[in-house]
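Each chain gets a letter, A, B, C and D, in the order it is written, and its residues are counted from 1.
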Amino acid sequence: MITSLRDAVAELVHDGDTLALEGFTHLIPHAAGHEIIRQQRRNLHVVRMTPDMVYDQLIGAGCVTKLTFSWGGNPGVGSLQRFRDAVENQWPHPLEIEEHSHAGMATRYAAGAAGLPFGMLRGYVGTDLPKHTTTIKTVQCPFTGEVLAAVPAINPDVGIIHAQRADRSGNVQIWGLLGVQKEAVLASTRSIVTVEEIVDELPAVPGAIVLPAWVVSAVCHVPGGAHPSFAMGFSVRDNAFYKAWDAISKDRDAFTTWIDKHVVGTADFAEYRESVGF
Amino acid sequence: MITSLRDAVAELVHDGDTLALEGFTHLIPHAAGHEIIRQQRRNLHVVRMTPDMVYDQLIGAGCVTKLTFSWGGNPGVGSLQRFRDAVENQWPHPLEIEEHSHAGMATRYAAGAAGLPFGMLRGYVGTDLPKHTTTIKTVQCPFTGEVLAAVPAINPDVGIIHAQRADRSGNVQIWGLLGVQKEAVLASTRSIVTVEEIVDELPAVPGAIVLPAWVVSAVCHVPGGAHPSFAMGFSVRDNAFYKAWDAISKDRDAFTTWIDKHVVGTADFAEYRESVGF
Amino acid sequence: MAEYTTDELMIVNAARQLGALAAAGKSRCFVGIGLPSTAANLARRLYPVEPVLIYESGCIGSKPTRLPLSIGDGELAETSDAVVSVPEIFAYWLQAGRVDIGFLSGAQLDRYANINSTVIGSYESPKTRLPGAGGAPEIAASAGAVMVIMRQSARAFVERCDFRTSFGYGGGKGDRERFGLRGGGPKWVITDLALMEPDPDTCELVVVALHPGITRDQVVAATGWAVRFADDLETTAEPTSGELDTLRRLQPA
Amino acid sequence: MAEYTTDELMIVNAARQLGALAAAGKSRCFVGIGLPSTAANLARRLYPVEPVLIYESGCIGSKPTRLPLSIGDGELAETSDAVVSVPEIFAYWLQAGRVDIGFLSGAQLDRYANINSTVIGSYESPKTRLPGAGGAPEIAASAGAVMVIMRQSARAFVERCDFRTSFGYGGGKGDRERFGLRGGGPKWVITDLALMEPDPDTCELVVVALHPGITRDQVVAATGWAVRFADDLETTAEPTSGELDTLRRLQPA
């Protein structure tokens, strides 16, 4: 249950898996993303509402063949350069994309968590998305005759999140912006949670939710594991790092050099922290 | 916004309305139910997962012509006598029923809160409910072909709940068992919330949710307004009262005498408290 | 020999089964109030692997120090790992298949473990109006397995239910699959006279054990269909004084 | 005369509109990060009725003391009336029609206020891959009204979007009704040159006001279709020093 991130990724993440690393600006599981790069997983289908820097790195490192997403930018900064290079220039190789809206993705995770084959929403109407995304269909209300958008449930092989803490049994506590993390874990066959701290008892916190240990496959103690995202109560968002990422990621060589030095060239997240210096 | 319960019911609850008084064992809005009886509303369609004592009183007092529900008993005690008398013997007049399961009712409220015309679930399969309840249909998944149960959204005219407290702007805070109260309020056109206390600021409480003032029509200060149900942090469930209700409600005359004395014969909930003695 | 009530007999037998299931990794119980909640709480105290209690009021992992009197007692919320809304408990937890064991009871049960808790008589003009479905149809559909705890009598164990509130095995083997139900259906029926289990070939309920002192004739008389007995019919072990002491300390004073 | 940037000009004009809307009872704003969030936070400080800020990260009624740099800044969660999950914010709040004003922007906008934030060029082989839809399609569908804030140029204000990410008025009047959209659609387009609003008869965007010092020719040159001007074309009021001071105090040091 409580294990190292290295062992968790080695055991639970396989080549060809569908992964969801979730966290909506807050609590993005960067350390787990790095470990997947370190262990050179390939042919992954990665799912995430906002691919963000975490998937920019996985894409640029060549781990990903398909991306399902709804907004692929560097929030407040601009483009996601490795994502763009993969879509526009097939570098390091072609990237299949499956594109939705935020509301659609949230509905898909919720359907996955609920054991339903699909979810529905008032969405996508009049847009060009259904022309290009085959996972947007319609369903008719049997009572009113209204036509609604239907989207299939997302049920990843592995759901991966970062949280504030866990107790020694593996019960996980999360607070602040909750995003779709509960849904991502519950929709997945297996799950990994990195946490800021492991404690004897989980003190009650306003706004907190708890994921019982029995819906989590592995809990890993990785302080700062969301960096440059943050964990409310433990850290603040490293906005300077997000801005700096633009220059690092714009150039293929600069990106590869950075990944080789700070991710591939470090043994674990603690070494990465020292290497990057935060 | 903040008003007396008498004024709130007078203004917001009309003859012929569809009402949802919600609260799952915890936080049942009994005071609001009494005020509706006092003001002699008629021809109501009342909706509630567990009709409980609160609807037993409304049904016996002749306010109700239709009940939509999923479990009509006195929890831990036995039958809901006024409900049974209405269904079995049409007393005080015939009661139309629309019967679902808990999962179906929860899905209906959630669809109502989400602005969807219907909700779906893996439910009712192989049971006799769809033979008698016209609001259970099916919908087919456009991706897998699976057939699921479809139920229409519930959108009451008025949603009524009891909560622990509100601030002076009318923001409502609820904690402990949350039931379907958020959904009932959000699904309704109008809403009334009775609260244990009104405070300057809402202190953060673990497990609490807040309903912003702008989704609530009226907040009424009614301490103990859930009795014999309870408000976590303020009171405990009056199990003796639930047991005593069985004898009161079993006999039409005993029931009518009780309602006349303690509800119709009192000006408000404060007088009711004195009259019943709790 | 310890004295015990038939309720205590049923609770102890249910708790034993829950203890064995928890030890085998099937620990998540979706419990209603009454006998199931009591049995699950007893098993929590008797066995090394504790059942995880999930209540339809939204409590997950409740560890009440005293028995709750209603499914919404404050004690349940206060001692839970997590408290979620009612829509969530049904959608994300029960429907998604996260519950190993569900409990059902009712006014009527037939040989294929279909259950009626809605009406005696016709639906439109019932002789007796019962509480109705509550969580039962979806517990029956989605729980990994279902345990039925119910007093046995010829009025209750009937050839055909007046109303089918929850689905056991329908008309027999293959019906659950035909309806696409994901849960495993009723695996144990615990009565005040006997234990019954579905025949693997037909899904008809068969008596597999009699409680101490109970005869086959008593069971036949208390069953509205031509009830079958297992070839290797057993007798359940008497409730021990340890089991009974623990159970009685659980009950509210 | 105060000096100001074009961003400040757009923000001040947006804030004024939000102040007027809040005074008229339309106060709930679903804000993205950037100019909309800045405008809404400025309006909170300038006008007697404060807009209610709702962020797609799940924050309802946020009252940040400093401007958030991302939609998920801790400051937003800490100062909110309520924080809900992402599925909930889209289903129970935006989709249900609880948002009065949504904001959109993009790389391309056409005369019927349809917007592209997905790709320049073809979808399969894009010249420029943009971030994509995010919340836009459903904001466009469900918000009571939409405010567009976008820099004006002939490359951005186009005859036809390369991709329709969010729906304005489609091909003209009646299309929103035909598609069953519940929200009112784009009512205001605020650019660095002018204000545009849909013609009530055709839903085509029409210039209703020019910013101080801007000419019709500049707007024509910066619009990729044959843009029309309102008969009673107005000039927007210069940002006041009070507005600018308040705005600048908002910005992170």
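Quick notes on this structure:
Note that in this section a residue touches a chain if its C-beta (ideal position, glycine included) is under 8 Å from a C-beta of that chain, and two chains touch if they have at least 3 such contacts.
Since this is a predicted model, take the numbers as computed values, not measurements.
The set of chains touching chain A and also touching chain D is given as B. Between chain C and chain D, the centres computed from C-alpha atoms are 57 Å apart. Centres computed as Cα averages put chain B at a distance of 40 Å from chain D. Taking each chain's centre as the average of its CA atoms, chain B and chain C sit 28 Å apart. Looking at chain C, residues 91, 95, 142, 182 sit in touch with two or more other chains. Contacts with at least two other chains are made by residues 115-116, 121-122, 146, 182-183, 207 of chain B.
Chain contacts here follow an irregular pattern that is not a line, a ring, a star or a complete set. Counting only pairs that meet the touch rule, the chains in contact are A-B, A-C, A-D, B-C, B-D.
Residues 115-118, 120-122, 135, 137-144, 146, 148, 150, 152, 204-208 of chain B touch chain A in their complex. Interface of chain D with chain A (complex): residues 33-34, 56-59, 69-74, 76-78, 83-87, 90-91, 94-95, 114, 118, 123, 126-138, 141-142, 163-167, 170, 175-176, 179-182.
Note for the complex: chain C touches chain A at residues 27-28, 52, 60-61, 81-82, 91-92, 95-98, 142, 182. Within the complex formed with chain C, the residues of chain B that make contact are 24-26, 49-50, 69-73, 75-76, 79-80, 83-84, 87-88, 99-103, 106-107, 109-110, 121-129, 131-132, 146-147, 176-180, 182-183, 207, 230, 232, 236-237, 239, 242.
The touching residues of chain B, when paired with chain D in their complex, are 113-116, 171, 182-183, 186, 209-212, 214-215.
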